[in-house]
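Below you'll find the structure I mean.
Naming follows writing order (A, B, C and D), and every chain is counted from residue 1.
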Amino acid sequence: MELSIDQVNEMIAPRFPGMVGVRFTELAPGRSVCELTVRGQLHNPAGVLHGGVHYTLADTGMAMALWPMLDADLPFTTIEIKMSYFKAVTGGTLVCTTTVVNKGRRIAFLESEIRDGARIVAKASGTYYIAAP
Amino acid sequence: MELSIDQVNEMIAPRFPGMVGVRFTELAPGRSVCELTVRGQLHNPAGVLHGGVHYTLADTGMAMALWPMLDADLPFTTIEIKMSYFKAVTGGTLVCTTTVVNKGRRIAFLESEIRDGARIVAKASGTYYIAAP
Amino acid sequence: MELSIDQVNEMIAPRFPGMVGVRFTELAPGRSVCELTVRGQLHNPAGVLHGGVHYTLADTGMAMALWPMLDADLPFTTIEIKMSYFKAVTGGTLVCTTTVVNKGRRIAFLESEIRDGARIVAKASGTYYIAAP
Amino acid sequence: MELSIDQVNEMIAPRFPGMVGVRFTELAPGRSVCELTVRGQLHNPAGVLHGGVHYTLADTGMAMALWPMLDADLPFTTIEIKMSYFKAVTGGTLVCTTTVVNKGRRIAFLESEIRDGARIVAKASGTYYIAAP
């Protein structure tokens, strides 16, 4: 994979991550960092950031951390992600750092940590399936 | 809680679930049904529905299944949700049915099943924390 | 797979499930029921059933629900299981009912429900990987 | 909490963790290390370490990492644990390192990493509920 960060951000702009406001700031094989500026439209009716927003950061960050490790012709899909929340978020910028913890031939396990400045506000762990060529 | 389905759909319209396209069709204490019409903007760059969309359905559906079981002054928050994916989705309408499986005084456990017509495409299980008055 | 329930119970007797006290009462492709009599040695130091016991029931029940669906030469492994607890257990007999919710070629998703008489005391959901021949 | 490692190992010896073979080697507020020597009786019928054994290490390690952070009169219970497996284990010694990632008043989130020498063979994340006095 030879995409620059700008190319990745352009690629996601017209899709769901772009709609939510995800933008990447680091990309490497097995690691990604993406972020998002919280705005009122991303809140739930209770006035705090909707849990689907953190999750979209993590799922998108996991895909982009795994992708540069794979041969171009191998599609991959999310098997499952568990997302845990620690602190309510109402504004500011969330930064999501993702690492590939283990990668087998067909199965990869990743973790994401979402911070709001110095606070860890949420963590996720997920499993991806890498299809055979 | 005495909100009608129309009132709930109005309440979420300007918030994240409304932006994603979630609309409720059934609401009862311990149960909700919500749905969403898949459109290209909800895809990921690979051309299939982004996993954050299924998750937003489930998280929103869980909140609205639990809420009518609670006294009005009890705020509640998502502790964690695990989301598992079975089939890629590219179009159509997703229907998410959520039930409260167990509700203690402070902790509730819920499950959501997401269907695309007859197919189960994803399932979620999650835990919510119900704050003390 | 042509093993009877007695043969399966003999097979697990000298292994970890046998040591814990798991015994099967139903086996079918995509479904299993196993049970266990709670005894003090299975408690944790706080005097209630240790969470590893429920988990061992679920993991063993999942393996035996999936196994009869597979060709004999396909090994399979647990990718992940999430276990949720609802009620403390101190005695009696636990019954764990497991079903295969979705089975693809390489990935299967299963759920287990653990009851203590009429009460649901715990639920699990898990993913298994089915190796290529 | 003023228990020494020897006292904790004595306390768990007659209970489920002792039966499985768990022994602690480090204990501190928010952190624990426990280990286990793999023996054939802990295998599953396929001849590899049963997943319930890793889980028992993690659940016990989480309880003992959280316990020294709490006032003596606060009981706590496992809400849920997700356990992910990376490598099959057949022998040797497993070492499980657990840390409290976030602790609120009522809810704590912990992670465990299980190693077999230099290899990470499994990871777990879990949530505990800390009861009101």
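The criterion applied here is as follows: a residue touches a chain if its C-beta (ideal position, glycine included) is under 8 Å from a C-beta of that chain, and two chains touch if they have at least 3 such contacts.
Bear in mind the structure is a predicted one, so any value in this text is a computation, not a measurement.
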Most remote chain, CA-based centroid, reference being subunit D: B
Between chain pairs A-B and B-C, which one is joined by a greater number of C-beta pairs in contact? A-B
Using CA atom averages as chain centres, what separation in Å is found between subunit A and subunit B? 20
Between subunit A and subunit C, the Cα-mean centres are separated in Å by 33
Please tell me the distance, in whole Å, between the geometric centres of subunit B and subunit C computed from their C-alpha atoms. 29
Return the residues of subunit C touching two or more other chains; collapse runs of consecutive numbers into ranges. 79-80, 82, 84, 127
Using the touch definition up top, name the residues of subunit C that touch subunit D in the complex. 11-12, 14-17, 19-20, 41-46, 50-53, 55-56, 59-60, 63, 75, 77-85, 88
Touching subunit C in the complex: which residues of subunit B? 82, 84, 86, 101-102, 104, 109, 120, 123, 125, 127
Interface residues, subunit D side, partner subunit B - complex: 79-80, 82, 106-107, 127, 129, 132
